[in-house]
Structure formats: C-alpha cells, structure tokens
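One chain, chain A, appears in both complexes that follow, with chain B as partner in the first and chain C in the second.
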Partner chain A sequence: MSGMIVLPIVLPLLGAFLLPVLMRASLGLGLWIGPAILVYGCWILGSQWYGGATLPFSLAIGGFAPPLGINLYVDQLALLFAFATQLLGLLFWPFKLDAETPRRQALMLLLVAASTGLALSGDLFNLYVFYELVAVATFGLVAASATGAAYAATIRYLILSGIGSVLTLLGITLIYNQAGTLNLAHLAQLAPERLDNSLGLSAFLAILIGVGVKAELFPVNTWVPEVYATAGSRLSAFLAGLVSKLAMLIILRLLVLVFHQPEAIQVMLVLGILGVVSGELAAWRAKDMRRMLAFSSIGQLGMIFIALAIPDGGGLLAVLALALHHLVIKSGLFMLADGWGGSLERLRGAAKASPLAAALFVLFSLSLIGMPPLPGFWAKFTLITELAAQNSPLYLIGLTVFLLSTVVEAAYLFRVAALLYRPADAETRPEQLPRPGGLALTTASLFGAGLLAATLFVTPLGDLLIHVSGQSGNAALYIDTVSPGIPGGSR
Partner chain B sequence: MNPGTLVSPDLELILYATAMGLITIGLAGLVLSRHLFRMVLALAIAEAGANLMLVLAGYRWDAVAPILMSLGQPPRMVDPVPQAMVLTAIVIGVGVQALAISMLIRIRQRYGTLERGEVAERMDAEIATTAGIPRDVSQEGPLGERPLPPIPGSTAQTRGGDA
Partner chain C sequence: MMLSSLDELLIYAGVTVLVALLLGRRTAAGWMVTILYGVQLLGLVKMAALGYGGAAVDSAVSFDVLGQTLSWRFDGLSWFFALITIGAALLGSWYSCGEWERAFRRQGGNLWLFHLAMALNVLSMLILLASGDLLSLFIGWELVSWAGFLLMAMAGGAATQAAMRYITYAMAGAMAIFGGIALIYVSAGSLQYDAILTAVERMDTTHLWMLVILFGAGFGVKMGLLPLHLWQAPAYALTPGPGSAFLGAISSRMGLFAILLVLVKLFGIINIERLKIPFTLIDARDLLAWIAVFTIILPTFTAMKQNDARHLLAWHGIGQGGYMLLGLVVADALGGAGGLLHVFNHATYQAALFMSVTAVIHRTGTSDLNKLGGLVVRMPLSFLVLLVGIIGLAGLPPMNGFVSKWLVYRSLLNQGMPLLFLASIIGTLGTILSVYKLIHNIFLGQLRVEHEEVKEAPWSMLIPMLILTAIIFVTGLFPGIPLAWVASALQAIGLPVPDITLGGVQSPSGSLDMIWVIGVLFGGFGVGALIFYSAGRSKRVHQLDNYAGGHFLTADVRYQYSDNFYAGLMHLIGGWYRGSFLWLEQGVKSLVEFLSLFMQGIYRRANAEFYLLTVTLFVIAWVVF
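Take a look at the complex of A and B:
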C-alpha cells in the first residue's frame, strides 16, 4: 500500500491539533497518543522499506497528477530520513510532566510532521510550507524553556529565519517566473532551457541562503550557539541532528535535479569552507559544553556543504555518510550534555561519577575525529578521496581546511576527555560531580550502540549507502518516476 | 514567461521595482535598526515585497480572475497558482509576526528593554551565569566587570519570580 506513506505526515499533524483537547479530557490517554503515533509512523515507513512497495515511487496527493497536483516522492533517501525523523522524534520525546506538557508535546508532533513532509515532498512550494512549519514549531519549543535568554535566542532565530523565508520565497518566485512550475520533476525537465541562466543562478543562491538558515550555512548561522545553549538538550539534539540535515536534503534535491551551474557549487564550496573554519575555531574557544557542541555542529555541516559542492553528484555518498554519522554522533553528544551542560571546568573528574558517560564521550569524539575502525573514518575518507580527485585549486583548499579542521577537532574534544579523566579537586565529593540523568544516558547509550553496530557492519552499510546515494543522484529516474505529463511544459 | 501580452509594460516594471524596493528596504531595515520591534516591522516590509513579487509572477493585465469563468467566455485568465501560494505565504507571515511580537513582549518583561545590543548583552550574561563561566568580554574592551544597568520600571520585581 503506497498510499500509507501519507500517514506519517498526517497522523502527527492531526495529533498535534487534537492533543491539547484530548489531554484536557484525559491526561493518561493523551500522554500515550504522541508516542503511539510515532511508533506507528516508524512501522509504516519500515514496512515501506522492506518490500511494501517498489522504490522509488511517486504519490499524487488529492488525485491530481503532477505537475498540476502536489506529489510525494519516495525513494530510499527520502524514506531513510523520514524514518530517522519519526525515530528521533520518539527518542527525544518531551516526557517531562508539567503545566506546559500538552503544548510542548503538540509542538513536537507538529515538528515531526513537518520534518517528515520535508523529507518526502516533491514540490518546491510544498517544501517551503513544511519548512516554515518546522520553523514555527521550533520557535515554540525553544521558547518553552521560559527564560529571558531563551526568548532572546528565539527572537534572534525568528528574525534570521524570517530573512531566510523572504529569500526562499524570492527564489521560488524567480523559478516560477522562468519555468511556470514548481514541481521538482517538471523543473528538472525544464531546467536546461529555462533555468540555465543568471536568473536561475540567483534563484538558487536565494534559496541556498534561505534554506541555509536551518542548515547552519556560514553567514546565516548566528542563531545556532544561543539557541542550542538555551533550549533543552533533547530539542537541541533533534535540531542539530536532524532538522539541519533535512534542510540539506532540499539543497541536495535542487542540485541533483534543477541547478547544474558551476558557479552555484563554487559559492557553496566557499561558504562550506568558511563554515568549517569559523565553526571549528569557535568550538575550540568555547568554554561551555553546549556552545562547544553547537559550534562543532556548524563546522560539521560546513563539511557536508563541501561534500555537496563536488560536481556531478560525486560527493553524494560522502554527503550521506557524513550526514548520518553526524546525526548519530551529535544526538549522542547532546544527550550527554544534558547532565554535563555548563562550564567545561565543572567536568573535572566527572568520569569517576559516571564511567559509562565518559566512555561514550570518548567513543563519540574518536568517531567524530575519524579514528579508523569507527564509521566516522569511512565518512571522512570518502570525502577526502573525492576532494583529492578534483582538479580545481578551490577543492584543494577545501581538502586542506578539512584536514586541518580535524586537528582542531581533536584538540578541543580531547581537552574535554582529558578533563573528564583527571582527578577531581580534593574538596569536591563524588556526589557533587555532574552526571547525565538516567533517561539521557540510556538514549546516549543507544546511539553509542548504534555506532558500534555500524562499525561491525560497515561493509553492508557502505553498500547500502552507495545504493541509496546512487538512486538519489539519478535525475532521470526521478523524472521517469514522477512523469509530469506535459513534456516541454508550457503554462 | 514572455510578458508581451501585457497592456502596460511600464506599469509592470514599476511594480517589479516596487517589489524589489520593498525587499531591499526591509533587508536594510533589518541590518540597520537597533530596536527589535523595528526589526520585526522591517521583516514585515520585506515579506510584503516578496509576496508582491509572487503575485506579479502570475498576473496578466488583459485577463480576469479564474473564478469569474461562468460570466461568459473570457479570452484569458490570471494564473491562479501564485495567488494561492501568496495567500499561504501571507498567512504564514502573519502567524510568524504574531509570534515575534509575543516574544518581544516576553523579552520586555524579562529584560526591560528591546534595544538589540542590550538584549544581546543580557542574553550573553544570562547564558554565562547559567553555565557558570566568566562572561565573554572583548579583548579590546575595558578591564574589569562592567555591570549591566538595572532593569527599569516595575518589571524589576517580576524578573526572577515567574521564570
């Protein structure tokens, strides 16, 4: 049943609006609804992957065939990220019980619904709407911390996000003006004749900067440190781990299908390099755990942008590997930061209080740096080989920055690891040492276990990723699957 | 698409220039204003420009609204897709602006100011205090702790209480 694929979007959306009412009627029942919806969503998406349907397929919503109607495009890449959304939504579910619980859970469901939509939609304007929905849900969730700093961080995020949405809308308008359609498959057909010009390029750049706000692209990422420092760790993990990757997914689709200009990827390469430099150096200077992780996430996403800038889809495998790797690592690290938030100096001797958490931190750090048997090594190795194969000097600069950034990463992560294992001050008793809470530690252990499993099964995983990236990089397959009726496509 | 069928290309040019002008004014306002409320207003102006641009993408001067088709056989109709899209965009924009204003009210209650620099300073101070690290002061700044001015008005009493 391919039609089932709408349910992971529709059910959380429906749940989000009904939840506050239901919780007023019966709190006990309401508390189960959100997780139940997400578990069901995971099950649907999982069964689609395992033989439920032949991938890729396209589903016309409302019975109107594309390009008139909006379609969902389901390939392995989309399915993978939709599944990750539902799963992470479940793992980072806001369990905390207080007066704000109904609202927080409703917003979380809204965030999951919109994120799933971002992964699946095949229409540019539909993507824009889901993107805004993600933004609004995020504002609410960040502000739910209810501190002055959280409100100030939210308004900074909101204003940047507003600039992003104006630019995205501008880009969409330019595209519509040129091509008269916003269906991605139809655009892919029309792009060579309609969008291969300076207007098309400016449309892409506007959308790149606009969507880049969520993807933590270099000049528009100033919201990142404050938001991650003031929002709850679980929300930060969801934003840094998943939402940034979904924004990246939009850019990936646009690059594969519509925009093939060399200037477009050069701009992206430069912004990616600047992101790596600024993010990693700022992380090196950071004095508290959360902001260190936030800056490091800017650097990591810069690396993904560098990978995305490799021409002719050569970097797609590296993009996918780096993105999934960062998803697992950063989620795990933010979970550890749940108890270890605040000044890094506080962590002196914390390994004694919680040996498992310290071991997990070392494991995540090693993989993030790229220690050979761990998956992070393979992800980085793929990018290095692809970058070294390019002729242009700009890519070699990218390679140099990439390798140097690894040194910086090692410096700041090992500094924390060293603090963890150093003996604590004589006057601090072991009970006073910070330690992650039980739930956070369990979640982090799950990510650690996933990382180790990926290390053991790295060969089949690599084959799978090669297949997924090959499928997502195939523009002809995308067009054939959606087959928007009118070839040539006049308005 | 080709705008050759338009009655008045000059008017179209003026409208496009207006749209781009609104976006430019909005973005310039965002960069230049020092007050958060003005920044939100600038954002609204920029959004209006983007929306105008979107409407223009599908408008034709010699055509009627597609909903008036039953009144006979008009030769042409306006492209309805951008109009549907701009409605969506307006709704999203208004929602976000309302949210922004409510945030501003909360910030005013907590910090007693909406000046961009002061809010940023208080935010940094609060994050630093929560994290337990010394505040990140510039290398060029004067030595020693520079205390933040007290929160003016009656809001000072409510500051810590309802957090």
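Take a look at the complex of A and C:
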C-alpha cells in the first residue's frame, strides 16, 4: 500500500509530459486529465493518512536501501504538505481556455508533481532536483500571463532564482564534501562530527539564502512584489500560499536533522525580523491590492522564519500553525484580488457590488491580524509564548517587532476594508464597480469556509498540529524510520 | 451539562444577536431587541445575589485549546459592570425605537446594522466580563474592540475615519496586552488567575514593571487614559445617537474593568506600590494616580473648547474616567467605593445627556452649540433631563455624581494626597464651566427664529430619558442602593469595603448622608420658591419679544452671542491648548510613513541579485582558502 505514495508525484509528472500531445488528439479528454490526476492524488494521500500506512515510513526507490539509494520520507508533516499541494493544484487549476491552455496545464501539473516531490523527498539531492523543477515550472507559468510587466518580473525572478539555485547547490556540495552523503537520515547521524563546524555553518547559510529566494526571505525577496502583482492571481496564490512554505519545509528539515548551530538560527532570526519589518511597513504604503498582499506575505513569512529560529524545535508548532494559516488566508486573499487588481482607490464601494467578497476580505483580514477566536489568533499565540519563553534579548526584540507589525498590518488591512464599505462615487454605476469573478469568489469562499470550520474545530485541530509538529521535530524517529538497523540511530 | 444562570444570560445575549441578524430588517425589529435586552436584564437579576456578596457563578462551558483552558465565570465585579451594560443597552435601544429609527432610516442609515452592532457589543462585553482566565479575557477584549469598531464605523464618512483611528489605537493596546500575556504565561506557566496570583508574589520588579506598563497601557487605551485618549471623543461622538449614549455609558469602562481585574486583583495595589521609579520619590501607583488626574484635567478643558454638543460630552467621558481610576488607585474603602460608584453614576448621566442632545438633534437637525439656543420653552422635558444630567456630571448635589466624587475627594484627603485633591478640583471646575456652556448654548439664551416651531421630543425618546433622570436623582438620594453592589464588586477584587447606609457611607473620618443633604437643599429651594411666588404677579411674554435700550429687537438680530464662549478665560488659559498629543500622534504616523517609504525603496531598488552573488563569492572564497 505504501508504494502508492509515489503516484502523486509520478502521475502528474507523466501527465505534464503527455498532456500537450493528448490535447492535440482530443481536447475534451485532455481537459479532464489534469483535474482527474489531482483528485486521485488527493485520494491516495488522504487514504495514506487515514489508516493506509503506519506513519512515518520511508520508501526506498529503486530497491536500494538508503543511504545508498534514494528514498521518500513520509511523515504527517510531509503528507500534510503533499496533500495541500494536490488540493491547491486542483483549486487553482488553470481552467482558462485559449491557445496557451495545454502549455499552462502541463506546467501546472509539473509544478504540482515537483512540489509534492519536494514535500516527500528524503535526501538533499532529490530535494534540489524537485526544487529546480518547481522553479522551472513557475518561470513558465509567470511568463505565460504574457504581459510586458510579467516578462520583466519573470526575468528578475529568473535571475534571482538562478543564483539562489547555484548557492543552494554550493551548500549541498559542501555538505557532500564534508559528510559524503546526501541522505537526510544519514546526514543526521553524521552531522555532529562532520558538520558541526564553520564549514557546515556556511553550507547551511548558503542553502538558507538560496532556498530563501522562494521562501521570501529578506533580502532575497525583492522579486516578490513585482511577480505577485503581474502574474495571474491564481498563480500568485499558489506561489505565496504553497511554494514558499515548501521552501520553508526544506529549511525546517535541515534544522531539525542536520544543523544545530546557534549561529544558524540567529541569522535566521535576524533575517526573519527584517522580513517582518520591511514587509509590513512596505505594505502600509502599497497602492494596489496585489502589491499589498505581496508585501504582507513577506511579513508573514518573516514571522514564520522567526518561529523557525526558536531553538530545540520549540517553534515547530508555531511554524506549522502559522504556515498553514497563511496558506489558507493568502490563497483566499489572492483569489479576492483577482477582480480587485489595480489601484486601491478603485475599490471604493466595491462591497456594494459583491457583499460576499467584502465580507470574506474582512474575515481573512481579521484572522490574519490574529483576532480571537479565529485560527490566526491561536497561531500567533503559540508563537509569542514561545518567543517570550526564550528570555534572550534578540527573541524579545522579535516579539516586540512582531506585535508592532501586527498593529501596522491591522491599519492597512482595515483601511482597505473601510474603502470597500465606503459609498462609491455618485457617477459610478454599480456594474462598473470591480468585483471578483465567479470562479475566484467560489474558491475564496471555500477558503473562508475552511477558516470558519477551523475556528469551530480548533481543539482537535490544535491537538493534531501538536502531534504533527512533535513527529516532525523528532530527529531520532526520522533516523530510525529510514535506517532501522543502524546502531546509534537515536542520537 | 447543567446550564448555569450565567450560561442562560449569555444565551439570551446570543439570541438577541441572532434576532438582530435575522429579523433586523423587519419594522418591529427595534422593539424585539429591546424586549430581549429586558430579558437579559431579567437573566441578570436572577443572579442578583452576586450584587450582594454572593458566590461566583461558573459557566458550564469550558474549552481546552493547545493546552490552555478557557473558562467563564461571573462575580460581583462582573455583575456590577454587566448591570450597567445591559441597562444602557436596554434604554438606548428603547430610545431608538419609534420615531428616531424612522428618522434614521429616512436619512439613509442602516438600521439593521445598528441593532446588530449594539447586540454584538452587549454580547461581547458580557463575554469579556465573564472571563475566567487571562486568555478568555483577551478573547473577550478583542471581541469588544471589534464590536465597538462596527458600531463606530457604521455611520460612514468622518465616523469611519474616527473608527479607523480607534481601531489602530485599540490594536496597539491589544498587542501590548498580548505581549503581557505571553510574559505572564512564561513566568506563571499558566493563564489561570490562581497561578498568576502566586507567580506575581515571587516576580522581580523589572518583570512586574514591564507587565504593569504593558497591561496598564493596553487597557488604558480603551479607557482613554492620557496620552492614549485622542481617538475616543470623535469616535463616540459620531456614532448614531443611541449608540453614542450606549458607548459613552459603558464602552470605555471595559478598560477600567480589565485594569481592576488584572492590575488590582491579580497584581495587587501593594505589589504595584513596590515599584519605585528610580531617582524620584514616586512609585508606580503614584504614577497611575497622576495619569488619572491628568486624564481628568486635560480632556475636561478640551471639552470646554468644543463647539459640538456631542463632542463636548464625549470629551467629558474621557475626563470622568480619570476620577474612577483615581479613586480605585487610592484603593482605601472610600476611594475604591467612589471610583466604582462613579462608573455607575457616569453611565446614568452620560447616557441621559447623549440622549437629550440626540433629541435636540432630532428636532433641530444640529448639535452645533453656536446654532442653538433658547430651546427651554420648546423642549422643557429634554431641558430637565439635560439639567439633571449636567448636575450629575459636574458632581453637585442632589444628583448621584456628587456622591461618587465626594467619596473620591474624601479618600484623597484621608490618605493625605492634597496635590491630587487640588488637581481633581481643578478638573471639576472645568467640568462645571463646560457643562454650563452646554446647557446655555442649547436651552438658554436667545431662541433662533428657525427654531420657533420646534416641538418637544417624542415620547418614545422621552421615556427612557426620564427613567434615567429618575435613576440619577434616586441614586443621588439613596446612594446606598448602588453602593451595596459596589461593595460586592470591591469584595470580589479584594479591596476594602466601606460601611454603607441607605443615604451614603458611615466612616470615622467623615460620613455622608445624602438624605440629609438633599433634605436641607430642598428646604432651601422651598424658601426660594416662597420668596419668588410671594413677589407678586409676573407677566409672560413670547420668547422673541425682546427689547434693548427701549428698542424692540427683531428676531433676526443676535443680541446674545454663544460663539467664543468664555473669551476672557480663554485669553488666560488659551496658550495651554497646544495640541501636544496631536503632534505626538502625527509624529508617530509620519515616522511610520517615512519608514514605509524607505522599505518600499528597498524593495524597488535593492539588487538582491548583487547580495546573492556577493554571498556566493564569499562562500566560495571561504571554501577555497
């Protein structure tokens, strides 16, 4: 049964290559293939979670046991993100029909396959390969919106991402050079003697900065505002919501398993704080919705980096809660931004044209700010209690920055909310008011419903997240699962 | 699961919200919610034992989330505040039914939203008052903040601007509290009150200082404590009439409730007194007292400069909050009782005043103090309500405001704090001057021609106003009635309780019996009336029948000016009005703007590629060498 887990990676990959050909043969059939694959993927992953297999497990690919062969590592965290990938792929599926459809759908399938692979991979080399695949797919997708601004934004993203990849590869090379393996479980065993030195630290920093390009880490996130403002909002939602979190996942695994140097997390803490400050403050003056959301997303990911920087895995629960929360909220908000692009001033009175969209905007904003009892509050609560418990000045600065930036966040989000509910100009006819499209609004409503459901079931959800984060923070379990025979597995 | 009477009360409040939400567009919606507020009041009466020292009532509901237990309970303090909340909502909602709501709808107001916002405010306040641990307190706090925002923002235009300002302040306050909660959680290991009580005892001063500042400032925002007060007056004043009566009566007192709960009950005045300010003779408690006094003085004198009746009242609302805090910081039996009693008294007269002013707006269409005058004959009952209200506000006998202020003054003198006493007297002076401006410019002086046909406010509005007036007088005559509840509330937070009689308090350092005071006062009135009526016949003339120097004055000649009131006084003290706080607020805003510009510049111009390449080169260099 556990072998099924490769299907959510392989099927979309296969689909991505076959889709253009299939569509030429039969458009009707081709259009169904993509969503069908993703639905099947969701089903497989869901059944793995519910009784399909004992979690966590490791699956050696090609019959060679790790560390020689490559393996997939499936724990609740990996499964959760893999599932989220397939589900979001489905929700943000590019239904639009035009000449570019085959290419766009194929790229989307490729993106989903690579992202799922990224979530499940158990060794650094595979992670890198999937990470590159994600990059390639996103280049294509961003450029596919085919406006001049989108091309310019893509070029910048391309260059940054390219250099980031080189840097990541450099870090991986250093690790291989020191440890002689790229299997994460094996690395976890070797790390204390081989990588607990300044070379190991520089390897981590190289990977952090390299991967940070996608995780919107300050200061390598300058592509974010332009790309999100020009790419389609469905794609922006996918990038801001999911891809950034997957990049974060790589760093999380490395921190839990391999790198335990205090300098490593300090760097991350400082960059996280700078990300929060710069993102939230820049959003304050943003003049259009998508840029505002992009900056806010930088700020939110900065918060996740701060949470990740809490030593000894104390922040994992906060990381997980914040990441999932941001995934839902930002996806929903970007969906609303679909019809609300352009200058913010244009949104005046938009609540009249689409009351549901305005209400959803208020709901998402409230949760983003951390208004209890919405889930955002609990995510932030776990973060600030952990930060306060660190009792070191740098973490307290992080706490202060976090709290102050929330005030700024509330101010700019509710400025927009007030604008939405303000009466429109007298000469504006109701049908001229901007409104999100039906599909986008439906998707956003789904996220809104999810958010409300999470509010109601916050107790079981919290327990679940505690369990997931406990499992993902357990390095010994990881080692034991991947290579059960090796003595000293429980480091 | 057995529902306790607290659960029933919360269910009633929830039902009120639901009714407002679902049936709020019906014609009789106003009456329906009003009746439901009445039901809530009955639910509260069912717990009346709490007002007389009864044991706390627990809610049957509690949640466990992420290792935290959330629970709700009602004690004497909660009951006292809940009584004011529901009472204010009931009378405010009653006032809005009938003619006011028809006029409101004609002017394009959203009545459904109004009722919904009111009901949400009451529900969230009850949840806040019922909080049984610090986390549920914070949840209630945030709910109250956002419900208040809804009510303030609903009028649109300038009101929305004011509400935005409010929510920014409120968020800043909430985040201070949130930070404080995180710190407490770390040192106490739990957010339950008992755990915090023991943790505070072994806390070092730095830690406690930080907590006092964070919680004091956070809760102080809602109370409008200096220097966090700027948002309050415009936000309350621009809320639709009955809404501003409700907000003015109780909303900012939620801040006081939270301060009492956390600073007084959990931290303890004794522990706060332990916190000395270096290089000075004062401690944190004195600091709080002085903040309270400045909160009395400055907003009161700002009120004096207002030319809009609603703004004038709203500024007083901030100032009166200072008396409450002052009494409770002094924290002896008389001071604590005075501070808490003032919460009740202030709610009664402030609601009455806002209602009276709203009645004037309803009839004349303006609350601009320079465009009114002489309405006393046209709207005599509204005049009476306003008169009784301002006597209460100024703290003069025979109304209830006198009792609470007397208790606060007495305690300041008893505890040997003459400077604070003097300062609060200055505040009272400003109050008297400004409320005179209020009543003079609306009801006394020259009637305007355009108001010649103005009628008295409709009965739907008058009845709640008159009920409030009666309460103001009766609780002034028999302050023992509310003082019993106050005593129960004081007991709940562990403050000393005074010796209460029906007419006031019994104390070795000075007693007060209002029945005697009022008896003597009315005796004096009787003598005055005898002289007045024995002076012979007087002739009634029309209000516009005026003469000066033997010449008839036509009605359009303004012979009496309300503009630039207190010109002489302003000549003396005008220089003190500098808008320093506005300047401070603007400074913070500009700083954020500037930083924001800078950060955007970083994102627009920074070449991250360059950083990346540099880092790459460094790493390669590191590896090679």
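Rule of thumb we're sticking to: the second predicted complex is superposed on the first by the 483 of 491 C-alpha atoms of A that agree within 3 Å, B and C clash if a C-alpha of one lies under 4 Å from a C-alpha of the other, contacts with A are read in each partner's own complex, and residues count from 1 in each chain.
Here, a contact is a pair of C-beta atoms (placed from the backbone, for glycine too) under 8 Å apart; a residue touches a chain by one contact, two chains touch by 3 or more.
Since this is a predicted model, take the numbers as computed values, not measurements.
Trainee: In the superposed model, which partner reaches more residues of chain A, chain B or chain C?
Mentor: Answer, by number of touched residues of chain A: C.
Trainee: First (chain B), second (chain C), both or neither: which does A:F139 touch?
Mentor: Only chain B is touched by A:F139; chain C is not.
Trainee: In the superposed arrangement, does A:Q261 touch chain B (first), chain C (second), both or neither?
Mentor: Neither chain B nor chain C is touched by A:Q261.
Trainee: Regarding the shared-chain residue A:V129, is it in contact with chain B (first), chain C (second), both, or neither?
Mentor: First partner only, chain B.
Trainee: Quick check for you: in the superposed arrangement, does A:I209 touch first (chain B), second (chain C), both or neither?
Mentor: In the superposed model, A:I209 contacts chain C only, not chain B.
Trainee: Let me test your reading of the model: by the given contact rule, A:N474 touches which partner, first (chain B), second (chain C), both or neither?
Mentor: neither
Trainee: Mind working out whether A:T455 is in touch with chain B, chain C, both or neither, as first, second, both or neither?
Mentor: Neither chain B nor chain C is touched by A:T455.
Trainee: For A:I163 in the superposed arrangement: first (chain B), second (chain C), both or neither?
Mentor: A:I163 sits against chain B and chain C alike.
Trainee: Give one of first, second, both or neither to describe whether A:M371 is in contact with chain B, with chain C, with both, or with none.
Mentor: Once the two structures are laid over each other on A, A:M371 reaches chain C alone.
Trainee: Of the two partner chains, chain B (first) and chain C (second), which one does A:S445 touch, if any: first, second, both, or neither?
Mentor: So A:S445 meets neither chain B nor chain C here.
Trainee: Hey, what residues of chain A end up touching chain B and chain C alike?
Mentor: 156, 159, 163, 166, 170
Trainee: Could you list, by residue number, the parts of chain A that touch chain B in their complex?
Mentor: Within the complex, chain A touches chain B at residues 125, 129, 132, 135-136, 139-140, 143, 146-149, 151-156, 158-159, 161-163, 165-166, 169-170, 172-173, 176-177, 180, 182, 226, 229-230, 287-288, 290-291, 341-343, 345-346, 491.
Trainee: Quick one: which bits of chain B touch chain A in the complex? Just the residue numbers, please.
Mentor: 1, 23, 26-27, 30, 36, 39-40, 43, 46-47, 49-51, 53-54, 57-58, 79, 81-82, 85, 88-89, 92-93, 95-96, 99-100, 103-104, 106-107, 110-111, 119-120, 122-123, 126-127, 130-134, 136, 159, 163
Trainee: Report the residues of chain A in contact with chain C in the complex, numbered from low to high.
Mentor: These residues of chain A touch chain C: 156, 159-160, 163-164, 166-167, 170-171, 174, 199, 202, 205-206, 209, 213, 219-225, 277-279, 281-282, 284-286, 295, 317, 366, 369-373, 377-378, 380-382, 384-385, 387-389, 391, 399-400, 403-404, 406-408, 410-411, 414-415, 418, 421-423, 458-459, 462, 466.
Trainee: What residues on chain C touch chain A, complex-wise?
Mentor: 63-67, 135, 138-139, 142-143, 146, 153, 156, 160, 163-164, 167-168, 171-172, 175-176, 178-179, 181-183, 185-186, 592-593, 595-600, 602-603, 606-609, 611-613, 615-616, 619-620, 622-623
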